Every structure is written in C-alpha cells, then in structure tokens.
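What follows is a structure written as structure tokens; I'll ask about it next.
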Amino acid sequence: MLSEERRNETVALDGTASERLARPDIRSEFGLETMDMNMGPQHPAMHGLLRLILELDGETVMRCDPVMGYLHRSQEKIAENRMYPAVVPMTDRLDYFANIHNEHGYVLAVEDLLDAELPPRAEYIRVLMSELMRLASHIPSIGFLMLELGAFTPILYAFRERERIQNFLEAITGARMMFHYFRIGGVKADLPPGILEEISEYLDGLEGRFQTDTVDLVTGSEIYVARTKGVGRMTPEQALDIGVTGPPLRGTGVDFDIRRDYPYSVYNELDFNVVTDDAGDVAASYRVRIGEVWQSIRIIRQVIEKMPEGPVMADLGRRLRPKEGDGFGRVESPRGEYAVHVVSDGSDSAYRVHYRDPSFCSMQLLQEVVPGHYLPDIMPIMGMIDPVSGGWDK
Amino acid sequence: MAVSMPGGDVASRLSGYLDGLKNRHGLEEGEVEGNVVRVVVAPESVPQVLATAKAQLKVLHLSFITVVDWEGSFELTYELLDLRGGTVRVKTVIEGTEPVIGSVTSVYPTANWHEREAYDMFGVAFRGHPDLRRTYMWQDHFDHHPLLKSFDISTKRTFEGLR
Amino acid sequence: MEFLNFLNQEPWRFILSFGVVLFLTLNLAAILVMGERKVAGYIQLRYGPNRVGPRGLLQPLADIIKLFTKENISPGKADLWIFLGAPIAMFIPVAAVWLVIPFAPGAVVADLNVAILFFVAVTSVGALGVIMAGYGSRSNFSLLGALRGAAQMISYEVPLILSLLGVVMLTGSLSLVDVVNAQGGGFWNWYFIVQFPMFIVFYISSLAETKRVPFDLPEGESEIVGGYMIEYSGMTWALIQAAEFAGMGLMAGITTTLFLGGWQPPLPFLDFGQFNWIWFGIKTALIMFTFQWIRWSLPRLRMDQLMDLGWKVLVPLTLVWLVITAGAMLVF
Amino acid sequence: MPQLGQGILKGMSITLRNLFKNKITRQYPEYKRDLPDRTRGMLTVDMDRCIACLQCMRVCPDHCISIEQTKRDADGSGKPKPYAVGFVIDDSRCMYCSLCVEVCPVNCIYHTEEFEAQAYNRLELARQFGERPVDPTIDPRPPVKKKPKKAAAKGKADEKADGDAPKKAPAKAAGKSSEGDAA
C-alpha cells in the first residue's frame, strides 16, 4: 500500500527544513501561492491548547510555527510566592498526565538544598508511584496516537487500564489526579495495607490485556505501520540538537535514560533495561514506549519484592528554611527529562524555581521536523513527543 | 549509533572537562562538586565556553537555562549534560537591569526556545538569536516581563465582580 | 380495493413510492446513527446511548428534536446559496438511487433497464455536494476537506465502476432486477463467490465513496476537524449526516444486490415469497455492521497512501480480473 | 507487499471479541463506587473542637479558609480563649491539597467523601461553619513574606522586601492574623 521509496523521496533524512523544501520551484513559475492555516488553539488534536501557524502547499507543510501560552499560569512565579511545601500541589498542575514525576522533581530539588536523608521505604514508595504513573501515562499515549490517526477505540481500552491504575493511586494518595503525595523529606503516608498484593495481582492481568488490546490491535495494523513508519524521522544528532529527550530520543538510538545515567531515588538498586530503537521515527518512539511499559512492570515487581519496612518521612523540622544556594532535581518523566532548579535565599519560600519541562523542549521539533511532511503527519509527530499542555505552558 | 557516548570513569571525565575549559578560557571560578563541574565565567565568554564544551569536550545536551533576577544583576545558569552522569554547570552574572548576552543557539540549537522563554520572562536580550519572540506572553501590547522581581503580583481574589 | 388499484396507476404509484423511499431513507439515517453509536459503545466496552427511552432506543428522536431546534449558523463570508445548497445536493442523489434497488420480487420503484448506469451516474453527483460545501464555507479547513473529498470520490469511482463490470458481464444486463434474478437458487449462485476480488474491491471502494474510516480523509477529525462540514450546524449539518448515513446504507444495499443475491434467500427452501425483503434487510444490515465495525477498529490512511491504494492496487486488480472473467466466459 | 491485511484482520478480531465482552461502564448516578479511606473530598470542620489557632488559614495556598476570631470563655473555665465565631471554606477556590488537614493540631478540619460540589452561584460554594457568617469575598491576609537581606550578602540592594505585602487592606476577618508568626 505504501511505497517506502516515495516516503524517502518526500522526506529526505538529512538537512534542515529549508533544504528539504528546496525542490524545483513550480510555484513561482505558475504564480501559485501557499495557503496559511491556523491550527488551534481550539483543535481536537492539539493536546490541549496549542496554536500552529502552518503554511501549506497543497497538503505539504512548508512552515510550522507553534504559538504557546494559552494555558500559561506562571507556575514559576506562583512558586516564588509560596512556602516550600505549598508548591508541591501546584507542581501537580504542570504536566497533568505525569503528576508524580513533577512532584518528584521538585521535592528532589528541595531535598538537595536541605541535604535530606530519606528513609529507604519512602524511596521505594516513590519509585513504585513513579513507575505506576509511567504506566498510566505510556499506555494512554498509544491510545492518543491512535485517536489522532482516526481510530477511537484503542484509547478507551487504554483508559480502562489508566482508570485501574488511578484506582491504586487514589487508594494510596487520596486523589485521582492531583495527588500531592510526595512531601519534602518523604511521602505523605504509608501505603494502605494490602495494596502491594493488589498491584501485583493487577499487573498479572495487565500484561495480557496490554498485549492484545494495545500491542496487537495497534501496532500490528498495516495502516498504523503506513502512517507511522518513516514519519518524523530524526537522526540522533538532530534529536540532540533539537533537545528532544525521553522516548523520541531513545527511538533515534541515543542510549540515555535519567534513571540509569543520573540515578535518583533507588533506581541504581533496581534492575531494568533502557529500551532503545534506531529508526528514529514515530513508530520507533512507540516501540520504545511499549518496551518501557514492560520495563516498568518489571521495576514495580522488583519494588514490591524489595519493599523495606520503616518510616516514610524524614524529620526535617516543622519549618523548612533551606540554606542559600541552588538545588537541582532531575527525573525521567514519561516525556523525557524533567528537571527543577530551585534557588533559595534562605527564607521560607524559594527565590526562583525553574522547571525544565520535556514537552516544552521537545516541541521544538515541530519547527524542525514537520516542514516537508504532509498535513496529517503533524498528528503522529505530535504524538511522538506526546506533549501535555500544562507542561509546555507551565 | 551515530552519536558517540562518553565512556570511562565519571570523576576523571569531569576533571577532564574542567581542565579543558580552564585551558581554553579564563574562568572566574571552577570546581568539581560531586558529579557537577561548576564554572563561573564572564558573560562575554559564555558562547565560546559552550562552544568548547560542545565541540571539544563532547558535552552534547543542553538541559536548560535558568535566569535568576537578583535585582540589579542577572544570574544565568546553563546546565549541560554529557548523558553519562556528568554535568557541566556554567554560571554567569550580568550586571545591570537591561541584560544582554550572546546567544548560544548556534552551539546548541535547543537553546532557541529556552532563550525565547528567558527573554519573555526576564527581558534578557540574546545577541544573535535567530527568532527572539515571546513564548508565553502576548506579542503585542504587553511590555512587562513577569518573572522580574519588580513585577508585583496581586493576591486579590480574581472573580470578585462575578459573585 | 379499487382505491388501491387506482394508486397502482403509474404517476400515483411512483409518487407514493418515492415518498415512502424518501421517508425510509431519512429514517434509515437516524436509525443508523443510533446503530453506529451502539456498535461503537459495545466495541469500546461501554453501553452507548441508554438514557432516552428503553435501552436508549428513543435517542434518534431526541437527536432529531435537538437538531431541529438548533440555530443554523453560516459563516459571515460564506457563499450562501452554495453553502445552503450543498446538503441538498448531497442528499438528493443518495435518495434517488434507492428508487432502482429491488427490495423484494416485483418490489422496485423504477425498474430501469440501465439501473447500474443510473446508480453510477447519480452517485457521482455526490462529489459535487462535497465541493459545494467546502467551497461555499470559505474556510481553509473545509476547502482542504473538499479538495480531498473530490479527489478521493472521483478516484474511487474508477475501481467502483470497473468492479461492477464483472457482474454486468456475467448477467448481460444493466438492470438490477435482472442481476438479482440471475443469482437465484442458493448462496452458491451469488456473485461474491465467482467475483470475489471484485467484491472486495467494490467493498473497499464503497467505503471510500461513503467517506468511512479508513478513508474518511475529507472529514479527517484530527487534522481538519470535520473537513467540508466544519461550518455547518443545526439542520444543514443533520442533512449532511443523513446523506452520509443514507449513502452508507445505499452502498450496503447495492453491495447486497450485486454480490450477495439481493432479496434471494441463501437456501431455496427459505423462500418467503413477497416477504423476501427480510433477506435483503438482513444482508444489508450485516454489510452495514461491517462498515461500522471497521469504523471503530481502524485508523485512517493518508492522502497519498489512499491514492496509491486506489490507482496502484485496486484499478489494476479489477482490470486483471475483468480479463480473467472475460476469458472464463469465452471458455465455459 | 509483505502482508495482505493480516494485521488489520487481527485487530478487527480483537474489537469483535470485545463487542461481546462484559461492559465496564459504571452508570454513575445510580452506581457509586466505594471510595478509599484516604479520599480527599470536600472539607468539613468540627467547630466544637476548633481552637481558632488559624494555622489552616495561614497554610492554605489558595486562601480559601477565612476565620473570624474572638476571645471567648467557651468552656466556662473563666479564662477567655480564642474562639472561631465565623469559619468559611470557599470550595470554589479549594484545591483539596490537604495541607490544612495535616497542620490542624486538634484534627477538627478533615476531608469527607463528598465530592459533588455544584452550585448555581460561586457564592453558594462558600460553606459557612461558624455561628456568624464570614464574607468569603474578602481575602484573609495571606502570609506576609519577608525576604531576609540575603541579597545584601551578594552586594545587591533589596528594596522589595516589603513590596510583596498585599495592596489590599488586611481583611477584618483575619484581623488577628499575626505577621510575626507567619513569616
């Protein structure tokens, strides 16, 4: 159905966007014009509120210019005006599909300032929560991709899994989405009794359901292959230059995972593989995501096995007044490298908080990679980075 | 894989980075703290230092750029990762209230949006940036830079009129 | 009885039956929307509409009331005549083709001897409606949708017509009544067995003609958000939807008539005489279910892949199979 | 062509199988699932236990709690103690972060399992608990932030130390809110 040569003709691998578009210019010869088109901010496939200014030559995109800020809440300013513990619930609102990772990055940064020593059980609970959250983010992301390719069903199967994971998260934290579970110096409360058995029982069923309802239904389909293979292809150098992290970067073959290379919590005590692929296109990044789902399940099993006993909260005193200086926290969120930089001036609240959100940085690839593709290819390319509006707009 | 990853021991690699930067540029401060090489440089030499880090020392990934408004001066932090446990943190301080610094987009193209964000939020002008527009705020009719300390926020309840 | 005989006279019979067919078509659209939502719900492990009436069966009625009472908004710079004419131009051809389909022995509104030609000619008017809708709306999205729709519908006319020719050659007639009569005597006489590749090609082309997933590029929810019908609302939108769903029913009916024996029962002893329309209904409903099943299982293709499929796979396949059919007819 | 649609047919067989499976939708208003013990629903206050320490009001990031405090000899011990005559929780601002619950020394403010907060008017979402209603439109005085003269150590002027104070006059509801404690 799809000829590989033709894709290669249309989307040359190397060179910048403008070079790729430098083909015999029939437009000026015949006096034809391009069409400007506004996609968004109210658009069903824009992962929230994003506006793309497109220049179209027929169906081919000549220029793509993302305009952000429709969901900007100035979280960094809010964080400057609140005491340290009160910022944690606000970080939940950043990347609202991977809230736990946002909290984790922030509390790591503040604990870096405080030189806090955490009890081991708190660290294991944090890893457990992070990996559950990664499952709850990766599985629907495949559904989102299919939704944008026109198939509505996989996302509902994916959300069935996310709902069940959210039930666990709700039992542990008390909320379904805005968890506010990680605290500076530990976690809010110990795990409820019996939850670990329930999770491991659930994971047994999840493996089978994920294999049939997502992997087989989605990735086996010829139309899925035709729509994703060769689309949004990047070389590793290009991906690093653009600043892409996470599954799209690992999809290009760069073997980089914060969990292994910049270990935080207890990830260096756990055994997992970093999944990579070398095609560098949308299909590759989704192969990486599917691989990471299996790895997350593996990590959760290990965590359940190794879960130590003990307190879940370090005693850091009632009022947090970190020393002056810089604190850094860096975690591997489902979308890539999520980093927090907290500058303290010794008072109750941070002097400056900076969030490095993976959605924001990866979105630069829209400018670089999309030109030269067809209009419908924008959706899988956006699905490749799987951005979240709350993340890129802070 | 076309990108070669740095190998070997983290500690020796980090001291290699520090020596590499020290030999080529005049650093105001430079030390290794844990897994981080922390260097402080003059604002004029930031693009050259980062170019050295990228080209000679193969530190491939620019993580983020933080701007801190110290009311009277601006502190910029460039966080570079070598993807294998090492971090190079380049700090610089720009005196004055209208900061100007050279852009590093030609070295690390990913800095494009980070610098746009810094310009939007702090008014830091990046010399040589290809496309210095605001990222979040309105393009027109908005002359403020909201993360400056001089930009007051109102804690007033917003929907009072609607009640 | 005399009155019935009077109604059976020619102008009255035609007008009456046309009215009935139009009524059925409109109702069919409403019922199909309901069916679509129910199938979607069940495939997606949910219930679908179940609040209005018993098990949600009155949902179409509620939809119609809602659509009638909605305001009909048109864009400020729309070309109003073209904009408002488009839904009609899309609906009338679909309704007209129903006139030539035999529902049961002797139950056909107009037994044209060129019914297949009539079907081909009239359905291609549907593309005009799409272009009118897209052009009249004066919106970038709808223009793109209209261009896609025009390219797709005109391209897929070719394999559609070519795949009909096999049946025409076997029957030796362009009349649908003849086609159905030729398939009598059990399901092994239906044309989908001897013309299986043609059946597949016709099925795929009819999916593309009715703009269903995986060929719903003119609508393209995720990129051009509804395509040519993006600016429509209220009853004009409802009429476009009715045309879409009636077109889907029509294609299912034509597929049934041409390849699945029309009203012919699958086994000879199941012949119900005048009530053979039951068989027609069952087969059409099954085909429509497969349309919906595909709709909720597959993603959509891209424009270049769609054209590749049409021109590089389907058209050569039909041509080859036509030659094979002709050769086989010469031999046997 | 390596495959002739086997993947598509496999996917379609999966959807067909799911067509006949049990549905997983819960019909919400008729069926309500059991919420876990830790559910953070709407807040409620046990006014008998409240000692009007104002800690919840100060810790609340959204300033959704307003307390009107007087001295009253409520337990007949002859010694007037702080007493909350007015206590309002504005659910239109609350984000259910549970910070107030954790800070409360007498556990008098706690989450319920109630989550269906709906009203025709934003004002109706402000729930009054005390014997006297408090005007929820007036902001309780937010914690005043005092920047230590840290900037001076770096040699920079820090004139904005008090500039963060709200421009609005401190609300009478929080008249006793002490700047010293908050900072």
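Letters are used for the chains, namely A, B, C and D, taken in the order the chains are written, and counting of residues starts over at 1 for each.
The rule is short, and it goes like this: a contact is a pair of C-beta atoms (placed from the backbone, for glycine too) under 8 Å apart; a residue touches a chain by one contact, two chains touch by 3 or more.
Predicted model only: the values in this text are computed from it and were never measured.
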Interface with more contacting C-beta pairs, comparing A-B to C-D: A-B
Chain closest to the middle, measuring from C-alpha centroids that were averaged per chain: A
Using the average of all C-alpha atoms in each chain as its centre, how far is it in Å between chain A and chain B? 22
Return the distance between the CA-based centres of chain C and chain D, expressed in whole Å. 56
Using the average of all C-alpha atoms in each chain as its centre, how far is it in Å between chain B and chain C? 60
Chain A and chain D, separation of their C-alpha mean positions in angstrom: 28
Where chain D touches two or more other chains at once, by residue number: 8, 11, 14-15, 18, 24, 151, 164
Where does chain A touch two or more other chains at once, residue-wise? 1, 81, 153, 157, 160, 217, 221, 223-224, 351
Note the residues in chain C that touch 2 or more other chains, in rising order. 43-46, 296-298
In the complex of these two chains, what residues of chain B are touching chain A? 1-3, 5, 35, 60-64, 66-69, 77, 79, 81, 83-85, 87, 108-110, 112-114, 117, 121, 134-138, 146-147, 151, 153
Can you list the chain A residues touching chain B in their complex? 68-69, 72, 74, 76-77, 80-81, 235-237, 240-243, 245, 253-256, 261-262, 278, 326, 328, 330, 337, 339, 341, 343, 351-352, 354, 356, 360-361, 363-364, 393-394
Complex contact set, residues of chain C against chain D: 39, 42-47, 293-294, 296-298
List the residues on chain C that touch chain A in their complex, please. 40, 43-46, 140-141, 144, 148, 213-214, 216-217, 220-225, 296-305, 308-309, 313
Taking the touch rule as given, give the residues of chain D at its contact with chain A in the complex, in rising order. 1, 3, 5-8, 10-11, 14-15, 18, 24, 35-40, 59, 61, 95-99, 102, 111, 143, 145-148, 150-151, 153, 164, 183
